[in-house]
Amino acid sequence: MIGRRLDVGILGSTGSVGQSFVAALADHPWFRVTWVAADERWVGRRYRDVASWRMSSPLPPAVAGLELQRSEPAGAPRLVFSGLDAAVAGDVETAFAAAGHVVLGNAGSHRMDDDVPRLVPEINPEHLALLERQAKVRRWPGRIVCGANGPTVVLAMVLAPLRRFGLRSVTVSTLQPIAGAGYPGVPALDIVGNVVPFIPGEEERVEDETRRVLGLFKKGKVAPHGVRISAQTTRVPVVHGHTALVSVAFESQPSLDDVRAAFTGFSGRPQAERLPSAPRRPLIYLDEPDRPQPRLDLDRGMSVLIGNLRRCPVLDCKFVALGNEVVRGAAGGALLSAELLSVDGLVQGGRPKRRARRGSAASR
Amino acid sequence: MIGRRLDVGILGSTGSVGQSFVAALADHPWFRVTWVAADERWVGRRYRDVASWRMSSPLPPAVAGLELQRSEPAGAPRLVFSGLDAAVAGDVETAFAAAGHVVLGNAGSHRMDDDVPRLVPEINPEHLALLERQAKVRRWPGRIVCGANGPTVVLAMVLAPLRRFGLRSVTVSTLQPIAGAGYPGVPALDIVGNVVPFIPGEEERVEDETRRVLGLFKKGKVAPHGVRISAQTTRVPVVHGHTALVSVAFESQPSLDDVRAAFTGFSGRPQAERLPSAPRRPLIYLDEPDRPQPRLDLDRGMSVLIGNLRRCPVLDCKFVALGNEVVRGAAGGALLSAELLSVDGLVQGGRPKRRARRGSAASR
Amino acid sequence: MIGRRLDVGILGSTGSVGQSFVAALADHPWFRVTWVAADERWVGRRYRDVASWRMSSPLPPAVAGLELQRSEPAGAPRLVFSGLDAAVAGDVETAFAAAGHVVLGNAGSHRMDDDVPRLVPEINPEHLALLERQAKVRRWPGRIVCGANGPTVVLAMVLAPLRRFGLRSVTVSTLQPIAGAGYPGVPALDIVGNVVPFIPGEEERVEDETRRVLGLFKKGKVAPHGVRISAQTTRVPVVHGHTALVSVAFESQPSLDDVRAAFTGFSGRPQAERLPSAPRRPLIYLDEPDRPQPRLDLDRGMSVLIGNLRRCPVLDCKFVALGNEVVRGAAGGALLSAELLSVDGLVQGGRPKRRARRGSAASR
Amino acid sequence: MIGRRLDVGILGSTGSVGQSFVAALADHPWFRVTWVAADERWVGRRYRDVASWRMSSPLPPAVAGLELQRSEPAGAPRLVFSGLDAAVAGDVETAFAAAGHVVLGNAGSHRMDDDVPRLVPEINPEHLALLERQAKVRRWPGRIVCGANGPTVVLAMVLAPLRRFGLRSVTVSTLQPIAGAGYPGVPALDIVGNVVPFIPGEEERVEDETRRVLGLFKKGKVAPHGVRISAQTTRVPVVHGHTALVSVAFESQPSLDDVRAAFTGFSGRPQAERLPSAPRRPLIYLDEPDRPQPRLDLDRGMSVLIGNLRRCPVLDCKFVALGNEVVRGAAGGALLSAELLSVDGLVQGGRPKRRARRGSAASR
């Protein structure tokens, strides 16, 4: 059965995001990492000798011994996850797509590209239809699919089931973790015992991306959702977990019970397809008024947690949301996307037969 | 000149708020602490032997040797600051007022009392007119004046100069410090590396108190301001400083420059009267987009700091505010109030002559 | 097979240590929690309604619905884990032993009792022979067995394999976590951004207990080991994990390789008996010079981690050690002790047959 | 009087150490900053436009407007403080000395130079005699004087008065602050909620430098003190303040009272000369057993704090020490050194006459 797993590669494999891909793909029932690329100067050395491993799970032995490759398509598997920094990701990922690879790309590097889906599998699987346009416009045999940035994923996940009530306006204040800035990322002197109330470009990113993720695919393109969003983004001395304080105004007048039911009943294609990384419940509502909290509630994998739903004196209702920046926001999101691509036949070769796909890496 | 200073007392003097009164009153040009009260079991012992001093400035020698008194009016000076917990403050403070004392009371213990001013001297000095009604209704020779709770003071201070534009709606997310919960206060296990997105009763407190502080005094009472306020209050692992993320919608359409000018031009009676504890500029606007920050900007004493003013896609404008929970919020606020009472002749005896009152404890 | 599990009870089940017992016993192959006791005022209520669950794993459903019992022996299972505070533990635990129960007691409450083993199963299983004396002296049908306090366990574990070189002197500086002080434990104001260089009584406790744990059982009692130990104990703003900086002087002159080999080769009865909670390797040596670290290395369960072994210019060698205060220090230690008691036939009833005992809760 | 102040310059003025020099020199009675140098690319721009000011005191206006200079001697004042990184400091500082400047250099860059005094003014002012040899060997008209690294200064300060008892052996465990690593320094991901038990090269540095600082000047050179020192150095999530856990063994047998008296009676030339930056008491002993603590006791300026002196079961006595890494360790130390050089006539020009030198920047 192991022999049937699809070979996958990782660009930028030794960095912070790259390592989280390596960790997330350990023991994956459908995929196995056989190709890891890194900066020119490390090419030819073993992964374990170059990567300064910082994940809390052990470095998978099958990857530890791999030889680091050039960031070039020749010899790479068809499916490639990219942990490259936004600054360099664009050109490299484009080169891979041009050479026929399916690339799960860095969200930041294709922000302006209308034909690159920003896929959050529970929310907008229909955006994958953009790939036809991408193939036509770009004239390339490969594909690029992106996720969204951590706080966007958390916000979009909790807004998705509320679209039925007519989203009118949303305010969100984020308390973002230091892990969200990568490594070395935030200097300790800036954040220990402190709040940094500004993250360059982040507010606009959250506002624009969320509308894009929630948008409808029609006539060959994605029309951003019309909801007005105002974000205030801060960094706090927390290691993991984006906390979002959200207020929403609706077109219709749902009761708090309606809203809560929309959260708890939310489900999408990852659940319907029983993808290996899909959380059973994408949104979990916690009843205690002082939850969710980063230190207590982040062991729920890819689920986004919600709590303290109540009336808002200015908009209609308000609540707290929490999601893991790595498990849900970056590596985990890309992995779930890859599983969806696989089920949809967009990644050829080695894909397990449908109907026999549920594996051991089941969600929590 | 020292001999002319007014004797003052402190209720709950050994606790966290009481200690901050002792520290704030050290070297005060108008007042000197001559009477300190504490729990029954400590009566008769020296202040220094009972108080486990936790302030960063040294324990003033003049207080260190004072003998702790019963929390009873007999023998206490006319002006008394109360550092009592809300749970016990009400009865004791009432007893002192009934015996003719002027009490700067715990905000929490008189929340429901319409005739107790919640004084923020820059904002609502006219609320002191309530004291006449208080005297009449309560039939007592003393007076009780309260401040407001930390996040309320920060919010009210930044909204006060915006009243001219017609405050319609306000959303505020607070990131509150552990010092705001007193001592022992928050267990370390609850907050280290964590965000607690809920503080019992705090949202309603901020919403109601702010409207009260901003309200107009007419026909013998204070009518709360009509602005709609929605607060989301959180605790973060920061020692000092309430950070508030604020959005405001106005009746009129001020430009951002108008709003900024309203902030920087704000001034009140403490400044006009040149009260010893009055900050020269009650509101300071910082130009760097990533300021104010608790660890870098809290050395401005009683000034509230504002930064990153920008358009809000949902309301009209948004910005970040920061204030020191002790210096501005509790002890400092009460001290400034006492100075105003003194200037207004509400605290008899030993008050320095007007025109000669600016002392050495000048604000920064 | 489930039917064969031994019923066990938990005293002080709703507190911080009690909850860690509940969590540690979830899915245990040999034991199942059927009896939980709490303070008088909660008796008769459901566990889930009283315990404010703070563990990161979910509350086991089988315990959630249990009705809280009085802290009295009647109706309790024979084997009882005690999460009671030292202040009240002594009398209650004594009452249970007098009524025939085997109690895994609070280390603090029997510190002065020569006939109560301080069991660290890898180190001193032979101390269980004290139980005969205990039975004789106390004239009771039950037994009390204790563990040791967190930093003691870490220190004793790393010194145990070095006894062969003749332990002469040991200095240890500990950097202890806030979780080690229980809940509510340390006030956040005392420890956020701070070091507290003093923990009342802790130095003497570490020095005395370590000698006791390492001591030899002869002639019916335990003679404390003769090594001289000097401890300096501090609290740091870390949630989990005791870090210990250790220097050791020996009678003989082992090389650093000898010392490292003693660490990595260390093993005891839990390993020989393959107890379900036994770590495969009680001591793990990490090669990177900057390890072990609390945030990166605490997922090794009951193993104690060691790193940076080097020559000491004053004593002979020095190194860093790290252990989890809950997993190794309290609940986990008691559980491993209970497993050893079970294998030795000291806990009757329901014990799995020898040779068939390795279960699914295998160590990491 | 202001007109008499000596012009001084700062190399590496915009960095973390450079900024602390600017802050420490604000309002200095003897010196004024008139020359600031920075990296080539910033030359010609104003200090305020380049330095991202991170000190908690405001940027002094007199420096804010200075134009940044090349790191070359031409045009620089005779006395120059160096905030350059060790990596580049050596060559630049050497060039300045060769051109006749007196350089207060980076401790790290002249570690191997026997003829560069590592001056801690209270401890070893006689080491300045090395400057004659430096002039002779180097054949330059200028001078280089260095301080020591933060934890070394703390340790050397507490050991200095104990030399009289015959220092035999010392063990020290340090808990070092993130500010000690400069800016950006330690990545937040490495230290938030964590202990890093290893700082590259730091142990040897503390051991060697401390012996050097405590050494005797004889026959034209400094002979390191013969005490054996063993250091274990860690980084903890504390912003400011080196905590050191120290044990000492003596040749003689002083009582604890003798040791305490040696601490409290310690004084040196900075005190005798009443240098403006000299703390009145270089060592302060705190009686509470749980002090000193970084968050509570760092407002004592250049004093090093000591507490919890007690018997050590392995060496002779042990205690806790605390010093501010900036105020005592880097900028403050260099400033005190410059004041001593000034009094000794080693910095010509503008020096205030002896007997009239005590200014307003008096120590606390």
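Going by the order they are written in, the chains are A, B, C and D; count residues from 1 in each one.
Going forward, contacts are C-beta pairs under 8 Å (C-beta built on N, C-alpha and C of every residue); 3 or more make two chains touch, one makes a residue touch a chain.
Since we're looking at a predicted model, the values are computed, not measured.
Asker: Hey, which pair has more contacts between C-betas, C-D or A-C?
Answerer: C-D
Asker: Find the chain most remote from chain B, comparing centres computed as mean CA coordinates.
Answerer: C
Asker: Distance from the CA centroid of chain B to that of chain C, rounded to the nearest Å?
Answerer: 48
Asker: So what's the Cα centroid distance for chain C and chain D, whole Å?
Answerer: Spacing between the chain centres: roughly 44 Å.
Asker: With chain centres taken as the means of their Cα atoms, state the distance from chain A to chain C in Å.
Answerer: The computed centroid separation for chain A versus chain C comes out at 40 Å.
Asker: Of all the residues in chain C, which ones touch at least 2 other chains?
Answerer: Where chain C meets two or more other chains at a single residue, that happens at 54, 192-193, 237-239, 295-296.
Asker: Which bits of chain D are touching chain B when the two form their complex?
Answerer: Listed in rising order, the residues are 54, 56-57, 192-193, 239, 295-296, 299.
Asker: Which of the residues in chain A end up touching chain B in this complex?
Answerer: 169-171, 173, 175, 192-198, 207, 228-230, 232, 234, 236-239, 241, 243, 245, 247, 289-296, 307-308, 312-315, 318, 320
Asker: Help me check something: in the complex, which residues belonging to chain D touch chain A?
Answerer: 54, 178-179, 183-193, 237-239
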